[in-house]
């Protein structure tokens, strides 16, 4: 099972649209997959699902399960202030120990409206995932200037970007 | 004005205790300062203070003001999963543009219960702060194995750690 | 005194051409400056100027002096394999302790023929410089796709790139 | 074939001693291996093996072959100025394109005489290796304060460090 994580809780995010595209690529290849949209995080997450409350929030636990039951993960990571979104890290900070996303394999996709395309965000994410014992596919895809290449209804109009995602999909399946 | 940010919303965190120690060091030197504890983040922060709601949550705006009205900042950053806490980044992701913490000067203190003492967390934070145009004091203090050197009521029993914080305080005032 | 370091020993490098442009910007502002081209590193550097031989190679010491006598440094850093050039780090590894480039102020310019423009190279360099107690200007300029914007005789044809360098020059003088 | 790279040209380096220990661990498990000591880099490396001369230095080509013919690599990386040694990066900068160390699998070991144990060096190395399409084992071993735990003739007296290396060896063989 491959779980695709849309790494922000922004409503109708570009990350979510790219996550759906990734799901299509996996479907075309017959790979079992599911989607975890961080927009589904419970509203009381920061007070009732962290620290002493880890593991005790049923709604959050459902989201955790989507990640923990997968053997491979795709992180679609929009660039927020030159790093990953805080909400994505909070999700990780709220995962149970042991378990959570330890010992899995992961692919990283960075999104940005500027020229970086999430490069530092992906580097920071790699440090976290390696600490958690999750192997990261060396091909880290970046999609800079994404607002110019992704329509509001989720069509990716850039052929190179399509190719990069397709190649990474193949690599993740073989990883 | 120097604002000390306790970089987690964990109740009675070590970060908060170190922030109070830092406040004492600044007080001894006659430097105006105040404390911003992320434990005060509103419970509905992730749904009502981000994205289209930036700037519209009065309680959150009060916290933002504590940071934005300072000319220097101290970030006390506990190491969570080999990086900074997600909640600290969410605070930053929720800051208004322009404004927020742009164009300031900052000192970084990393905390950890392991040997790293927040080293990667401080490196990641530096990338963010530089992106925001905030100059970072080159002396980045790390306090590894902090559980062995900080009591429950906030006494720091390690003389070297005390010295590192005192030296950084002097440097921040002169920065 | 501001020393501009062309961060590679590649003959007639783009880094050297950008370093000359930076010198012009400093000259226009009446700021004392000089250039350190790593192409001048002695051919026996890796065997006769490092480790037990630090400080004992007269030709290398002349280069070191160009950096150590400055109070501010500009590092022009081409992206080699997604980080800074090895030769630039070898120069730093060969600096005397204490002294060298400790306690200075620095500006970073990243060059690349791809889309990253040296972003990770500048992040890695920042970690090194902060460790050495050298403050880094938060504005880290990146010049991606530079082969399309820099002629063989050193003319920079991209107006935005010119503006970014000019703004950083002003900031470095005020830093 | 697994090639262990002692990541410095310092004579009789700790990196070389750890590389020999790693070779013993691989030998005990019956894994084919060889050692590449960067102390063997030709003295004229920086002038005659880089840039336009890539691939034309027979002595250097012999070293390259040791890395390129392996399918897995171990990088023993001493911490120099809070990053990897410049000479290690120069070796990488001198590798042929395509080829070199692309498409392999790698394990990273960080060495330090201080508390960091090469943490940032390993993070920077990971960025480079991923750019080169080489997968990095998530377990990145750090050996801080190594001068207290490694004798001049290469005996590692710290049981935990021995265990970390042994576990990583097993993981690399299975990677």
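Going by the order they are written in, the chains are A, B, C and D; count residues from 1 in each one.
As a working rule, a residue touches a chain if its C-beta (ideal position, glycine included) is under 8 Å from a C-beta of that chain, and two chains touch if they have at least 3 such contacts.
All values reported here derive from a predicted model rather than from experimental measurement.
Looking at which of A-C and A-D shares more C-beta pairs in contact, the answer is the pair A-D. When you average the Cα atoms of each chain and compare centres, the chain farthest from chain A turns out to be C. One simple way to say how far apart two chains are is to compare their mean CA positions; for chain A and chain D this gives 31 Å.
Look at where the CA atoms of chain A average out and do the same for chain C: the two points lie 36 Å apart.
In chain C, the residues touching two or more other chains are 120, 123, 127, 130-132.
Chain C makes touch with chain D in their complex at residues 9-11, 41, 43-47, 50-52, 80-93, 120, 124, 127-128, 130-132. Those residues of chain C lying in contact with chain B across their complex are 123, 126-127, 129-140, 175.
Those residues of chain A whose C-beta lies close enough to touch chain C in the complex are 115-117, 119-120, 123, 142, 144.
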